[in-house]
Amino acid sequence: MIIVLDRGATESQLDEVLREASRSGQQASVTRSKGATLVRLDAPGDLADRLRAFPGVRATLSGNRSYVLSSRDYQETDTLVRVRDVVFGGTKAVLIAGPCSVETRDQIFTVAKAVKAAGAHMLRGGAFKPRTSPWSFQGLGEEGLKLLAEVSVETGLPVVTEVMAPEQVDLVARYADMLQIGSRSVQNFPLLRAAGRSGKPVLLKRGMATDVDEFLGAADYILAEGNPNVVLCERGIRTFETSTRFTLDVVAIPLLEKLTHLPVIADPSHATGLSHLVAPAARAAIAAGADGLLIETHPDPREALSDGRQAVTMAELDALMGPVRAVAAAVGRSF
Amino acid sequence: MIIVLDRGATESQLDEVLREASRSGQQASVTRSKGATLVRLDAPGDLADRLRAFPGVRATLSGNRSYVLSSRDYQETDTLVRVRDVVFGGTKAVLIAGPCSVETRDQIFTVAKAVKAAGAHMLRGGAFKPRTSPWSFQGLGEEGLKLLAEVSVETGLPVVTEVMAPEQVDLVARYADMLQIGSRSVQNFPLLRAAGRSGKPVLLKRGMATDVDEFLGAADYILAEGNPNVVLCERGIRTFETSTRFTLDVVAIPLLEKLTHLPVIADPSHATGLSHLVAPAARAAIAAGADGLLIETHPDPREALSDGRQAVTMAELDALMGPVRAVAAAVGRSF
Amino acid sequence: MIIVLDRGATESQLDEVLREASRSGQQASVTRSKGATLVRLDAPGDLADRLRAFPGVRATLSGNRSYVLSSRDYQETDTLVRVRDVVFGGTKAVLIAGPCSVETRDQIFTVAKAVKAAGAHMLRGGAFKPRTSPWSFQGLGEEGLKLLAEVSVETGLPVVTEVMAPEQVDLVARYADMLQIGSRSVQNFPLLRAAGRSGKPVLLKRGMATDVDEFLGAADYILAEGNPNVVLCERGIRTFETSTRFTLDVVAIPLLEKLTHLPVIADPSHATGLSHLVAPAARAAIAAGADGLLIETHPDPREALSDGRQAVTMAELDALMGPVRAVAAAVGRSF
Amino acid sequence: MIIVLDRGATESQLDEVLREASRSGQQASVTRSKGATLVRLDAPGDLADRLRAFPGVRATLSGNRSYVLSSRDYQETDTLVRVRDVVFGGTKAVLIAGPCSVETRDQIFTVAKAVKAAGAHMLRGGAFKPRTSPWSFQGLGEEGLKLLAEVSVETGLPVVTEVMAPEQVDLVARYADMLQIGSRSVQNFPLLRAAGRSGKPVLLKRGMATDVDEFLGAADYILAEGNPNVVLCERGIRTFETSTRFTLDVVAIPLLEKLTHLPVIADPSHATGLSHLVAPAARAAIAAGADGLLIETHPDPREALSDGRQAVTMAELDALMGPVRAVAAAVGRSF
């Protein structure tokens, strides 16, 4: 049994809880974080019921799971995550688009204007790229961040970009409006903590072999630093099926919606790995309740320095959004 | 290289093809089936181009794949599968609903009337049940088939039910309008052949570890018997994620649509295994382009003799179809 | 709680059990099979303890699992399965070798003599072949069975070969010493029952997505027909890793050994799909406690009509068995 | 086509290669790292053959793969990795044992002496622990490192411990003899680079969803920093089978041995997650050719602060090593 105290709970309120546990002959262990203070009890009995009424006690959680602060049991109402004027988790769904990697000034300006015209609310683009091989293009680094910041000013689009290491967080946070934690970093716990401490909104992508419990445990690392602004992203899991790059776990979207108060978006580009499947995957994600989409867009996918097969052209983005908007309307959402 | 001859191709047309291959110094091997005659050549060069123009030649296919007759290369236009007055593969999506197992006369009549009222076009219900354990309820057998036939007359709903062995095909075909080949039988090749020979429309469910190539190879076994009436069903694949019973591979639906002319429906009940996820999974499948849905419905899911956790009540079916119809409309379909 | 009665338990012994259950106010349901009679009780309390001492009661099993008769709780001592003079499950490990498919008289006679010389105890060879595509070689059928029977007489090697459908069981049983149920048929329940009724020893291969509980549930279908002669075979499961054809789940071997009294062998050929990995996979399986090996051998793998990439030559079989025998000795076994 | 130059290749040798490429009308791109200089050519033809003979050219590699320096094509002979007097990759296999986490001075001293007595060559123990939940025990941090260093002096056992972030590398390298990169960090590229730059030997664990190509790509990140001392560790992959914590991919061991010159060891503790399966998994790994074992050992597994179910007691370690040594001898190895 876990007793979660309010962030504002006082030491004396904590003491009361511990005293009551002790009176009932229970061992209690305390974990403090910026996000919350937890008291763990082994054998709760009706003690939990009593403690729920104590001042400073926010929630009592049972069961064997890795997450506390991201759970619906801890917070029933939906978290809204704001990135400048963009809001994740409300009735309006969010479209993030842009290239896999920032490649050149021309490329990113061209894409940014086009995706804005197609209705995108935010721009994505990688400056630090996690690549399977050290011999592949690794991204433009800070130069890429500068281009993103510049194009953000020009277009008014907030920017999200990946951060790969704790010591990059300050640098990336200086240029970007939202930090992306990529799939391969979903259990990079020092990075999660550093992103949490940055105070910036975080886009947390599910790992390719991360189950729902682990995904929310990862979110808890950020929340535990006192940063509530986490958006989850389903981006496909690794399965035996190799016709597509990954398998979009579309049902994870409503499942997460039930388990957590955090917004959940989907990345149909990585999930499928094939540009001609991005449109139906995007429609499916929205139909299942996703709060937004992350779509890779490139002026000339065949020439992309990374992940060209899954990028749609700007014209394709524009075309696919028509039916996506219609599906959104069908489930009571708009873009 | 595979040369596929028209079903009506004559022996002399085949001879011409073989002679031409021989003139080019090519080894050719011939496979005959009711569905088609195939000529396989090792080293085609421009021979394939020439042969494509020969009388009786329907298509020439390259590549290393398990399926021929179910491919779009063999037949470009969509196959429409008719089951009495129900049509799979047209603009109207098909709703099949009913219990996992036929349990009692009362149960099946109650469900059938309720699902008809909720707009279902066909009734499902298992009489022969493939159960993991021999000690579980195995279905009512022929008694169940009789109840299905009776309720079908009463409600006017065509009936689909599972057949598990070649020697059951005649029996099941006597009572049912459509034969279901279940997930565990997707590579039961003698059963596929027998179902093909029966001439009845077949609902072929994807196996839990069947990739797209194998799934279409299985369909080809039925088509090779001269039976073109195959409807494919995505019903979730087995992955590392155990929060849901299986993982709905929603992107397989548009992928199949590209590769095959056969209709594709989805089974959100087995895919999720949890009744509260059936609605979003159903919406996702339709948004991705599914030609229909197969939904398990039970008057009292907690009392179901099999798979109760995934069955929706009749009221839930009715409620979930509202948004499903709206999503269908958004992608240019109706139910 | 499941109460299992001895096969020889009388009706009056069953009645006693049911009366005792009734006296305790328990609902009981009875399942009879040739293999055993089961009584299922919902809320056992100390009733189970009392019933364990009743005449005719063989075992009381708790827990939520698909198998009863194949469990160690039902039978603690190892089952020895005899196929003519070959014994599975004793200290001597069994080597089964031979081609994927019987192709010609020459081929099968050449292989049989060579594998016998290499120390094989049994010959394998497919006559009815489950192939992903209907357009691939489907096996020689009864002609292949006749060749197997003939070469068995000539070499003295017992023969195991696959059976794919219930109506083939009699035919195959006429020629073969042991029936193989292939991976794709592991949950072909009518086939399992028919193989059980045949009385022949059965080699049951794990499915590519079958978990251990389901695998033993499948075995129970055979045992429930009163046929105790089942040998299990781990042959690789389907995972995301495609460098090998399947992933040998070598740890399933000792896990099965703990859960079931049935012998367990391994098939390193299908598990790896690559001939150069058969030797280390075979050593690993034996080191983990396998009761035998099933190895595909072909006189000229490049010319094999099926699965050539995974077949070893006869010389390679001979060479790999040296270290395999050494490993067997290291774990207290011999071949 | 990739042309790899010797580490000692001069600029003028590189110029010669580029000039030759240019003469043949080829585009060439150059990547420099401490570990090697690579020249990538699009359309090699016979140019590659000519270049292979150029001074300074070490190897020419074709194919689409993520790794270069770790491949057998780049270096045919086995790499021997030395950690003080311990050598990985020779005929002697290496046993690393110790607890999941360093918990107390008593615990780590007790374990260290016991595993040394059981024949361990190195001690493992986590000070920085990657835990799924932020609310679980996170390790003792630097305090744990100090205890490891102290017990290493006392017992003479070199120590390996996990490092989770680039900025921890210096700290951990000060106390440990070998850095462990855990499964969740296998694609933490900044960490791999930092570990490479540290010059310390690195134990790189395979990720739970990392395929062989990606695993070797990760190794290349370390090698590219000029650090050749990488030991790979197979520790189980995530599959649908949940009877064990992960699935030991035992065949990956000989597959890696074929593809790479780096040593490969196995971790039967994490692979199985169940202490009673550690012994057979360890035997299987050694039989398949592993260069060593990493086994979790705890004085009282039920009281362990992490991963207690998979830890063996010191007596169990001692007992299981008997048969492991016998299997090692059977394949020409010793411990």
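Just so it is clear, A, B, C and D label the chains in written order, and each chain counts residues from 1 on its own.
Heads up, the rule we're going with is that a contact is a pair of C-beta atoms (placed from the backbone, for glycine too) under 8 Å apart; a residue touches a chain by one contact, two chains touch by 3 or more.
Keep in mind that this is a model prediction, so the values were computed, not measured.
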With contacts counted as defined, which of the two, A-C or A-B, has more C-beta pairs across the interface?
A-B
Roughly how big is the turn, in degrees to the nearest 5, that lines up chain B with chain D by CA atoms?
180
So how far apart, in whole Å, are chain A and chain C when each is placed at the average of its C-alpha atoms?
47
Distance from the mean Cα position of chain C to that of chain B, given in whole angstrom
31
Centroid distance [mean C-alpha coordinates] between chain B and chain A, Å
37
Within chain C, the set of residues that touch 2 or more other chains is 209, 213, 238-240, 242
Contact residues on chain A for chain D in the complex?
2, 31, 33, 38, 40, 65-68, 130-136, 164-168, 184-185, 187-191, 207-209, 213-214, 217-218, 220-221, 224, 238
Per the touch rule above, chain C residues touching chain A in the complex are 209, 238-240, 242
Residue ranges of chain B touching chain A (in the complex, touch as defined):
209, 211-213, 237, 239-244, 247-255, 258, 271-272, 276-277, 279-281, 283-289, 323, 326-327, 329-331
